[in-house]
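I'd like to ask some things about the structure below.
Chain IDs A, B, C, D and E follow the sequence of writing; residue 1 opens each chain.
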Amino acid sequence: MNVATDWALPLVWAQQSELDSIPWLKWIIVLAVVFFGIFPGIVAYMVWGERKVAGRFQDRIGPNRVGPFGLLQPIADAIKLITKEDIVPRTADQWVHLLAPVMILVSAFLVLPVIPFGLGLAAVNPPSGLIYLIAVSSISALGIFLAGWSSRNKYSLLGAMRAVAQLVSYEVPQVMSVIPVILWTGSLSMVAIFDRQVEYGWFIFSPPGLLAFILLTIANIAEVNRTPFDLPEAESEIIAGYHTEYSGMRFGLFFLAEYLSVFAVSCLGTAVFLGGGTLPWPFTGEPVVTLGSGQGLLSLILVNLPLIGIFMAKVGLYVFLMFWIRCTLPRLRVDQLMSFAWKVMVPLSIINVFIAALWYEFVFRPGRPNYLLGWGVTAPLVLISVIVVLSIYKAQMKADLAASPTSRRRIATAN
Amino acid sequence: MSSELLFEFVYFIPEIVLAFWGLLVILLDVALLRGRPSETRGKILGMVSLVGAILALVSVFVPDMLSFGSATGAPETSIFFGAIFQGPVVERFSAFIIILLMFVIALSTTWNFTEHWGEYFGLLFWTAVGMIMLIAAEELVTLFLTLELMTISLYIITAFEKDLNRSSEGALKYFVYGSVSSALFLFGLSLLYGLAGTTRLSAIGAVLEPQQSVAGLGRNIAGAMSVLLILVGFGFKISAVPFHQWAPDAYEGAPAPVSAWLATGSKLASMIALTKVLIQALGAWASGDGNLASPGWVGILAVIAALTMTYGNFAALAQKNLKRMLAYSSIAHAGYMLVGVMAVAVAAGSRVAAGPILFYLVVYSVANIGAFAVAAWLFRDKKTDEIEDLNGLFAQYPFLAVCTLLLMLSLIGIPGVAGFWGKFFMFSEALTQGEDKHRLTFLWLVGLGLMNSVISAFYYVRVLRAMFLRPSTGAPLKPPTFAIRVAVIGSALVVIIFGLYPTPLTDETDRLADSRIFDSRLKHTGPAPKVALNGGLQPVASPVGK
Amino acid sequence: MNQILFGVIATLGVLAALGTVLARNLVHAALFLVAFFFLVACQFVMLEAEFLAAVQVLVYIGAVAIILMFGIMLTRNIQGDDTTTVSKAGFISGGLAAAGLLAVLVFGILDDEGRTGRAGWRDVTTRPAVYPVAARASAEQTKAVNNMGFVVGRELLTRYLIPFEVAGVLLTAALVGAIALAVQDGPSTDDPAERAKKAAEHTAAAETEPQLTSA
Amino acid sequence: MHDIPLTWFLIFASACFVIGLLGVLVRRNAIAVLMAIEIMLNAANINIIAFWRYSVPGPEESPVSGPMLAIFVITIAAAEVAVGIGLILLCYRRRASADVDQYDSLSG
Amino acid sequence: MIIYNYVFIGMLLLGAIGFAMAPVIVMGILGPKKRSKSKSEIYECGLLTTGETWVRFRIQYYIYAIMFLVFDIETVFLYPWAAAYESLGLFALVEMVIFLLILAVGLVYAWAKGVLKWV
């Protein structure tokens, strides 16, 4: 039962209706309220959440001065940043210096309209939604480079180059780990992925799906430059990486963009692997659908309230996972970071695509899906490939370590 | 669907073998031969690639062994949904290209001009794949893609002699010209795609066919622009005059085996592709009504051919560097061949008009392989490729000097050597084909061609004079490797045999030329799939209710 | 509404292209180029080829722009020195040639009358409608426009199989070639003595290497 | 609300093509020439997709012949940029400038 | 119509640019403006910058960018194959394996050549 499309919110421009005039007013309201109201609010309070969680991990309280439990802290930060002086180095390239943070923030914003928060609650449902999402999130790499270049500071340029090299290396596994999902749904549109998970249960409940989810999560963490992959902007490394020359609200934009992309990336993770808005067992939706059978806004909200709640809970868990990792894992060295991407993540995601094709034959092929055989075949395959790739990587690292003393001398004489 | 597709893969085996042998060589170089110095790596990988080329050569004739190849009279088909053409032309010429590839591989092992041998041989294999499929391409998509595979790999191997500045600068100049002309070529293709609505060459020919009656390119500016841009793209590949600036620098900059490959393989494949596209797809616009108001593209081609011939020869007169002189001579030969292409264009009558071009291509490539083998030998010992360094070659290696003499004579076109027959057949074809309104232009062109052959004698003779009359200056040349010896003597033999008795090769090339891709007239009668004419641009008559 | 949108995107696109060609600072030129790529992607969306718009953004802005930027950085061209300026005389002659070509192209486009069975370019003002989907679900064209990812996948591995494999070989050739060109020519053996000899021989060869002759 | 006529797209593509050609003729820096070539390739892409969208493919034709050609053109353009920048870096390493005219060791 | 999906995205794009620029403009108005030469110098841990902004770059950056470009295009080919998987038979799977093998050779080559190491 294709639940989502029956409840086409007027907002979702499914192709059925040949709309001539665009309801500008309704769109502007939605934009103002949802995209520039609710999402920044969520992001602001994610910042607060992170500082509270980090505090708890390090056995301290975290922000509690401003308002009850420090709830007004994000607002205080925002006001502080806005009232700071806008210092831009004289030799910096004025326009590009401003363009860079805007570009990164916009690329994070553009990801959100495609994600199906609930039944038909994806603001926009283009037929090739997933590749649109990947394309838009790849623009941020260019924004980071421009930030580093435009401030004409040697160290920020070097930090930007390293950040872009890392982003670029981890974007390949991110892009490839989503392919099993497309394989199983047979279409690129996000709402179709949601429908498929409504029928067949979450995609994470399969060996290739689990491996793909892990790869996606690692790549997501690297994509938003968070520990253990946050070397380019690590405080102890190169001053403050590519946003050395940014102060006041320009730096605020970077901060906002980073957390918005954390939110966007975790929405992607939940929508694609954790069946955004549905409960683990295949969701028949009969009880809820009959409750709000009308077409109006009220019935829509009634139907979608539980779904949005579930979706936000999953996103919350995903983001908490990232906070948790930030507080526990140490920062990776540059060469470990890069070689891990190319020598472990990329081969694994390529192998995973074929295991997913195998899983498709067992489960999704229109005949009688037998999960038992599916698990029986793909689970060992996944384990074997992970073990093999990691052992090759370990052997490679050991060989490099053994050769390193001489190579240290060779590097010294080289340049 | 897949069983019949598997059946078609048998025609595709040479390309598969070449592509995977390229991968094998690259992995071999990086994996097994890691620590060894580059000389030994070059030799070993040279042997391995030679084995691969022989394997590919054998696999060209596999369809014949399984008795459904073209030799056994199987009809010409276009396989893989019309992407690739399979017929005697493709089979014989892919075999010829693989033979040329074997010569180039053998020449590459003469001296150690690069560190990265695995990549060099791998890219060499992939250029061969590009060339073979360029001859076989039946569709704009496959045509443009294989053209680009060939040229991009050629840009890279031209820059492989990293010790010398000229190699990377020649490659950069070749790259800049190449990508500009491929962008122009693509725009021409997009206009053609717009005019015809289909990407398949035969279908394009069928769509443009009814327009034959209307004056060629007269009223049709968009068609004229697309033909002009396509001619720019191909003009660059065969280094015709207005687009030749890259050729001398790329030939001189590249290591000798690579410039041999550029002069023979790349020009051969591009010339056949040019003929195929112009005749099969744009045949309808060839001649128009012959008067100025509605010229076909034959007029444009005539101007380009004349310019190319004369400029190629005059510029070569002043050359001191052997490879640069051979570059200008290859430009001049491109001019002669364009005359042959024009003969085919206007040859509404016989379908065999393309035979002389194929004959000329074979003879020209063989002669060039020998000439560049001498250049490789020269560079190996004296690290320069000036013509004076050939002084006194006759004194030390009389037999090889005589062989190079024969090659030079063939390039001039002296009677008694194969080059003469090449020009003779092509020019006689030009004079006999086409209606009388073309007679005047062809007369002019053949006259110009003969005059140019005479001029070309002067700069080829300078090489002979250096070899035979001049006393040897500087260190004498060390004995050549077996590969250079085989290349020079082999090509001299071929040139002499077909010089004295050309009929076997002419019959073979005429048999090859009698195929669907070289005949503009065949479309509406032949098996070409009929394009549903109601397809294509929707006439405005049916206003969609909006 | 469509036509206004097209007008805006087209003018911005032409301006971005001009900016790429005329900007003195190379990084600014690269930025205009990125803007041009994005506006071409918007044109693809106006042509309802949105899978292609996403591919265009992903490949061009995601990867090609970054390689161009690294190229600019690695050739020390941060502020754009005199090599990037445009000589006055060259500009006028180039400009005239370009304007002439544009005039011929535009005249050719506007004046093209169709061949039998195919409407001329100037007559085609409406595109074959593919909506509402339900009415024309079966038409190949409708499926191609509405779910292009699916149809491209099916065509890619049946009709366009050969170009697909050739594209694979082309990508590997570009990768292997670019790495071979970029890697410093260190000796394959590891001992520094060989390296020193190689370096000395390298510089010695540089003087005596044959410069290309003139004429 | 009527469609955009085909000729508008063609004129836009031709304008970008000509600007790209102007860039190639006028700029001296190798990377700037590379950017101009990218503009020309994109202009051709727009042309192809415009023709594809405004024509109904015949029964024999594939419904996505336009986008397929466009995707292959994008891969070729990307491979060309990768090799081009590689060559420019190689030339730069040897001769410390990316200016096309300065590479005169191959003059004539 | 597909275009309307993207009109909404276009509006969101403009809105996001406005949302990003607004605070910076407000900061320009509200914030104190005490210009001083030292403040607008480039920050290098307090030292004055020497030489122009160019650092001896390694070729690594360029090699990572190419690797990304090639594997990016590989995924562009993988997406439509995955989308059309059920209507393509076993034959398509074999072709895709060949395609990935060819590109995996590129990765193995780069790995064995040692260019992926961050020296």
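As a working rule, a contact is a pair of C-beta atoms (placed from the backbone, for glycine too) under 8 Å apart; a residue touches a chain by one contact, two chains touch by 3 or more.
Since the structure is predicted, the reported quantities are computational estimates derived from the model, not experimental observations.
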item: Joint neighbours of subunit D and subunit B, given as chain labels; value: C, E
item: Chain pair with the higher count of C-beta pairs in contact (A-E, D-E); value: A-E
item: Chain centre separation in whole Å, for subunit B relative to subunit A (CA means); value: 51
item: Separation of mean Cα positions, subunit E and subunit B [Å, integer]; value: 40
item: Subunit B and subunit C: spacing of chain centres that average the CA atoms, whole Å; value: 27
item: Whole-Å separation of chain centres (CA-atom averages), subunit A against subunit D; value: 33
item: Overlap residues in subunit C, where contacts from two or more other chains coincide; value: 1-2, 46, 48, 50-51, 55, 58-59, 62-64, 66-67, 70-71, 73-74, 78, 105, 109, 118, 121, 124-128, 131, 145-146, 148-152, 156, 158-161, 163, 165, 167, 169-179, 181-183, 190, 211-213, 215
item: Junction residues of subunit E, two or more chains touched; value: 1-2, 5-7, 53-54, 57, 59, 61-62, 65-70, 72-73, 76, 79, 82-85, 91, 102, 105, 109-110, 113
item: Residue list for subunit B, restricted to those that touch at least two other chains; value: 1, 5, 19, 23, 26, 34, 141, 145, 148, 152, 155-156, 159, 162, 165-166, 169-170, 194, 197, 249, 252-253, 533-538, 544, 546
item: Touching pairs - complete list by chain label; value: A-C, A-E, B-C, B-D, B-E, C-D, C-E, D-E
item: Contact footprint of subunit B on subunit D as seen in their complex; value: 1-3, 6, 10, 13, 17, 20-21, 24, 30, 33-34, 37, 40-41, 43-45, 47-48, 50-51, 54-61, 65-66, 68-69, 72-73, 76, 79-80, 83-84, 86-88, 90-91, 94-95, 100, 103, 105-106, 108
item: Sites on subunit E touched by subunit A in the complex; value: 1-2, 4-9, 11-13, 15-17, 19-21, 23-24, 26-28, 30-34, 39-45, 49, 51, 53-57, 60-61, 64-65, 67-68, 71-72, 75, 78-79, 82-86, 93, 97, 100, 104, 107, 110-111, 116-119
item: Touching residues (chain side subunit B, partner subunit C) in the complex; value: 1, 5, 12, 19, 22-23, 26, 34-38, 41, 80-81, 83-84, 115-116, 119-120, 122-123, 126, 129-130, 133, 141-142, 145-146, 148-149, 152-153, 155-157, 159-160, 162-166, 169-170, 194-195, 197, 207-208, 210-211, 219-222, 224-225, 249, 252-253, 318-321, 324, 383-386, 533-540, 543-544, 546
item: Touching residues on subunit C, where the partner in the complex is subunit B; value: 104-105, 107-109, 111-121, 123-129, 158-163, 165-167, 169-170, 172-174, 176-181, 183, 185, 187-190, 202, 205-206, 208-213, 215
item: In the complex, subunit C residues that touch subunit D; value: 1-3, 6, 10, 13-14, 17-18, 20-21, 26, 29-30, 33, 36-37, 40, 43-44, 46-49, 51-52, 55-56, 59-60, 63-64, 67-68, 70-72, 74-75, 77, 83-87, 90-91, 93-95, 97-99, 101-102, 105-106, 109-110, 118, 121-122, 124-128, 140-141, 143-145, 148, 151-152, 155-156, 159-160, 163, 167, 170-171, 173-175, 177-178, 181-182, 211-215
